[in-house]
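Each in structure tokens, the structures are laid out below.
You will see chain A twice below: alongside chain B first, and alongside chain C after that.
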Partner chain A sequence: MSFVSVEFLAFTAICTAGYYLIPKRCQWVWLLIFSYIYYLAQGPQYIFFILFATVVTYLGGLWAENGSKAAVPVTLLLDFGMLAAVKYTNFMIGNLNGLFGTEIREMKLLLPLGISFYTFQATGYLLDVHWKRIRAERNPFRFALFLSFFPQILQGPIGRYSRLADSLYAEREFDMDRILRGMYRIVWGFFKKIVIADNAALYVNTIFDQYATLRGYGLLGVLMYSAQLYGDFSGGIDVVCGIAEMLGITLDENFRQPFFAVSITDFWHRWHITLGTWMKDYLFYPISLSGWMGRFGKWCKKHMGKSVGRTMPICAANVIVFLVVGVWHGPAWHNIAYGLYNGVIIGVSGLLAKNYRDIRKRLGIGKDSRWFFIFQILRTFALVNISWYFDRAGSVGQALMMMRDSILRFSFSINVVDAGACWSGSPAVTFAAIIFGCAVLFLHSIMEERGTDVGEVLRQKPLPVRFAVLLLLVLSLVLIGSEPLSQGGFIYANF
Partner chain B sequence: MDELIEILEDIQPDADYETCTTLIDDGILDSFAILSIVSELEDAYDIRITPAEIIPENFNSAKALYEMVQRLQG
Partner chain C sequence: MRIFKRAAVPILFLAILMGTNALFNYLLIPYTFTRYKLHKIENETFDDLILGSSHGATNIDPAYVAYVTGRSAFNAAQGEEFPVDSYFFLKDAVTAGHAPTRVIYEFDPNYWITAQEVDSTFSGLFGEMRMSWTKVQYFFAKMWKVDFRTFCAPWYFYREQWSLIPENLDVKRSEVYRDYGVENFNTDTQTVEYDGFMAIHPGKWNDSIVPREWSEAMLQKDARRYFVMMAEYCRRMKIEFVVVTTPVPDETLRACADSYAAASEEMRSLAETYGFEYLDFTSGELLSENEDLTDPDLFADWDGHMYEETAERFSLILAEKFTY
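Let's turn to the complex of A and B:
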């Protein structure tokens, strides 16, 4: 049941209506039932995996709270062991065969939808209990809802128990304002997904899948991939947050105008925020503060001086974290290259931060220089787009070849896509729809970046204005939207 | 306290550590700065700071950091 389907909208409507009609003390149970129905509808075979993660982490949490030293490693081993088994077994087999010439047959494995998201959420819960930031949940069914809340389970945002739990289990009165806020956000999410992402996907798939013949179109392909990925992922998150809002549940935000970032570090503070903060709290800090990293730090301070020595372990931890981010994106070397690329840039930037400050002082570039600010945004956008080559290409070789061809054989044509693949029969119309969608998104982003809550501004407008905007968005979906091409409806649903 | 503020100013010079109580909430200290501070505090005060201590409440102000150091010194 994809988000972009009539079935899903009907499912959400029934869930929301029932939620406010039943006795309030049963509301969280209602959500649990609908969450499991939703998950079962994705494929009954997937249910084993989420039940396993739920039972293991629930018991692990209680065990950790009792002060057991074995609780965390054993629970993590089981949770991540399951994730690794389904996601990385064939990658390992392929590499073993390649390295040693063996002929081990790849296995037919299921990749349960949303497995990374609920595994990460479970891990965060376990470590928070271990670090005594929260108390372990006593009720297994309440814990099951925390891991399975249905709009969130497929592609996040990755929730924290300390912020999400009370919101999930609270008793709520019907509130029309909240319902409307949620509906606006859902429509806005569908606009980003259907008008921008799914139209851009036509260009992305054509250029990246036929890169050997369509040489030189890489720049167009990667810019379209920027639009597709942002529209798809942030649009999906808008739908998730909109549904949660209708149910009175506030989820953590996952995006904050990422393409206005002034550095790669800043980009990761704005893009997939809940993954970034998860990695920071549960991987980056533990690695950086581990005994072996402490010894490495002391060695660095002794041999490289105080400042560099202090920064080196942090850079090394960063590279390790982004290596994991790369592996998380998929079991392939081009994903690992994507992670390392980000990690190395952030690590080197950290090492050279003082040098950058000195150079800026010498050049007389003040903190408030508008031109330098715009230069930083454009530089970051270029660096991010280079990373997308690794992310979207099928191999590191393909990514490098497309980068080279983007410069040495630069070509541009909006007719590069097959007219038959376009819903309108015309690549020009599809291209115009993408530009229109991106222009609307750009204006929206500028307003949000300047601190304007666009949704709130709209809500304060007279009814006819609100209706006209909503109508325009809905009509855009119908008139210039495209069919979803990605499996499961959304790209990140396959993680 | 003066020694601690000196450490902070050496790592991230652009902040008023005497008065600011939102070093984390306002993004003045990022994860690089936090870990640099941890590294210096561990050396200067002979303490061990674990991941469990890396919460905004401990890093939002110089005073909070000082209290954490005193607590860890036991």
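Let's turn to the complex of A and C:
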């Protein structure tokens, strides 16, 4: 059930209308029913996986709360085991065959939609129960809703029980303001997805899929990928949050103007925030506070000096965390390279932080230097774009070759895409649509970065202005949006 | 009262949005013969109703069929009309009280192995149907899973054709449009007749269309499903159901022999199962009897769209095969 389909809009409308019409005590049950209908619509064969994760984690949570030491490892093994089995088995087989020359046949495995998201959500809940941050949910159906809440199940945001549960189970009155806020957000999400991401996808697919012939266009391809990925993922999240808002449920934000980040660390605090915080809480802290990491820190202090020794465990933990982030992104070496690239940059930045401060001091660059601030943003943008080569390319070799060609054979032409593939019949118009979309997004991001709630500002404007802005936004989906089905669904739904 | 006031704002916005959308639909969507054909089958009763693809539209001339059979005939076949569309067109005619006594379904194997493209024709075939329960069913069959813009704002398939607005306006304010005329569909290369037949004038051979290879793997489940529904519907409604595969140039037949043979086998098996007559001019007796109809010079293209005169000849031969 695609987010942009008539079916999904009707499904959402019926769900929302019914939610406010039925007795309030049944509202969460209504959501559970709709969540399972939604998941069944993706393919009934996938239902086993989410039911398995639900039952295992629900029982694991109760077991862990009773103080069982085996509860957490057993439940984690089952949850991550299922994820690993369906997602990484063929990757392992491929590598074993490559390494040892064996001929193990790859398996035909189902990859349930959203499995990475609900597995992380489930394991986060389990660890929170284990660490006594929350109490285990007694009602299995309520827990089932927590894992399956339909807007967020395919591409997040990865919810935390402590923040999401009360919101999911609360009894709510109809609130027109919330409905309108939700609608604004959904339209804005569609704008990012349809106008920016899907149009940019045309360039990305052309350049990355034909990289061997279109050598030198890598920079254009990767910049377009920046636009596509951000428009696609954050647009999808806007739709998700907008639907939740209409139902009175507040989800965690997943983006905060990521391209205004001044460092890669900052970038990961703004991009896919819920994955970043999950990694921080459930992987980074346990690793950096573990006994073996403590011993490693002491060893580093002894052999490398106090300053490096103190930073080294954090750097190592970051590299491990981002290795996992890479693996989470998909069973392929280029994804692992993507994760490691980020981890190494963050790690090295941590190690060299003092040197950076010294250089800045020597150059007389003050803390409030506007130019240095812009330089940091541009530098981070460049570093992030380098990482996208690994993320989008089909292999590490392709990524490296495209990077090299981007410099040594640099080419740029908006006509690189086939005119026949453009909805307008003209690459120039498609390119202009992308630029327009990015410009609107940029202005919006600047306002949000300066602390202005754009939605709130709009609500304060006179009715004709509000109508005009919303009308333009909706019409732009039709006027300059990419053609339906031409570019497929949401990228992160494949995770 | 407070709730009403709060609701008034979104309702007003929706009204403006729908008004703007309707205006764009009016300005940008041209008059197509889908509107004409649907109007005819919704408002007039014909003995023989021809459904199917562009081959049906160009190769079966209802006037010649009517001449032989002495029955009225109308050609509602058109390019991009897939089995799902044919099924609902038939249902639309029947529920409008204009059930034919016979359906002549033109079977083009290409339409069974190709996914329907979501384009202007896709939305046009649905959009021009009158509002009815059949249309609601058609909506769920066809529009339910597509991008919301295809259903809500079909003008978007014409969004790069702003220069055609004056022409569209002229047409839509003309008598031809009001009276469901067909004159403005006529060009140097084709004439659309009032009985729905599209006559292709002799001209340059177009070899750009190459039929695809038929294979079980490529067979579209929906094509077979809706075809079977159509056959069953005809049986229930006591409408005679005849399926025809029109002749193609011998070059095409030679190049895609396996493909045509497989398609023919599939349709023969369906004919046996569902008890309808299948007239296949690409194989067996009908092919050998009418080999003179496979001369490439008689066709406008490699794909098998006939020139007007060939279609007339073929229609006479075809009509002789019908019971009347």
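The rule is short, and it goes like this: the second predicted complex is superposed on the first by the 489 of 495 C-alpha atoms of A that agree within 3 Å, B and C clash if a C-alpha of one lies under 4 Å from a C-alpha of the other, contacts with A are read in each partner's own complex, and residues count from 1 in each chain.
Definition applied: a residue touches a chain if its C-beta (ideal position, glycine included) is under 8 Å from a C-beta of that chain, and two chains touch if they have at least 3 such contacts.
Model, not experiment: these values are computed from the prediction.
**Q** Could you tell me if A:28 is touching chain B, chain C, both of them or neither one (first, second, both, neither)?
**A** In the superposition, A:28 touches no partner, neither chain B nor chain C.
**Q** Can A:39 be said to touch chain B (first), chain C (second), both, or neither?
**A** A:39 contacts neither chain B nor chain C.
**Q** Does chain B (first) or chain C (second) touch A:132, or do both, or does neither?
**A** A:132 sits against chain B, while chain C stays out of touch.
**Q** For A:267, using the defined touch cut-off, is the partner it touches chain B, chain C, both, or neither? Pick first, second, both or neither.
**A** Touch partners of A:267: none, neither chain B nor chain C.
**Q** Counting touched residues of chain A, say whether chain B or chain C comes out ahead.
**A** Touched residues of chain A are more numerous for C.
**Q** For A:425, decide between first (touching chain B), second (touching chain C), both and neither.
**A** second
**Q** Which of the two partners, first being chain B and second being chain C, lies in contact with A:143: first, second, both, or neither?
**A** Neither partner.
**Q** Applying the touch criterion given at the start, work out whether A:9 contacts chain B, chain C, both or neither, answering first, second, both or neither.
**A** Touch status of A:9: second partner only.
**Q** Quick check for you: in the superposed arrangement, does A:259 touch first (chain B), second (chain C), both or neither?
**A** Once the two structures are laid over each other on A, A:259 reaches no partner at all.
**Q** On the A-aligned overlay, A:389 touches which partner chain: chain B = first, chain C = second, or both, or neither?
**A** In the superposition, A:389 touches no partner, neither chain B nor chain C.
**Q** Report, in rising order, the residues of chain A that make contact with chain B in one complex and with chain C in the other.
**A** Touching chain B in the first complex and chain C in the second, no residue of chain A appears in both lists.
**Q** Taking the complex as given, what residues does chain C use to touch chain A?
**A** 3, 6-7, 9-10, 12-13, 16-17, 20, 24, 118, 143-153, 155-156, 159-160
**Q** Taking the touch rule as given, give the residues of chain A at its contact with chain B in the complex, in rising order.
**A** Those residues of chain A that touch chain B are 130-133, 265, 269, 280-281, 284-286, 288-289, 294, 297, 310-311, 313-314, 317, 350, 353.
**Q** Can you name the residues of chain A that touch chain C in the complex?
**A** 2, 4-7, 9-10, 176-177, 179-180, 183, 423-426, 429, 463, 467, 470-471, 474-475, 477-479, 481, 483-485
**Q** Across the complex, what residues on chain B touch chain A?
**A** Listed in rising order, the residues are 27, 30-32, 35-36, 38-40, 42, 49-52, 54-55.
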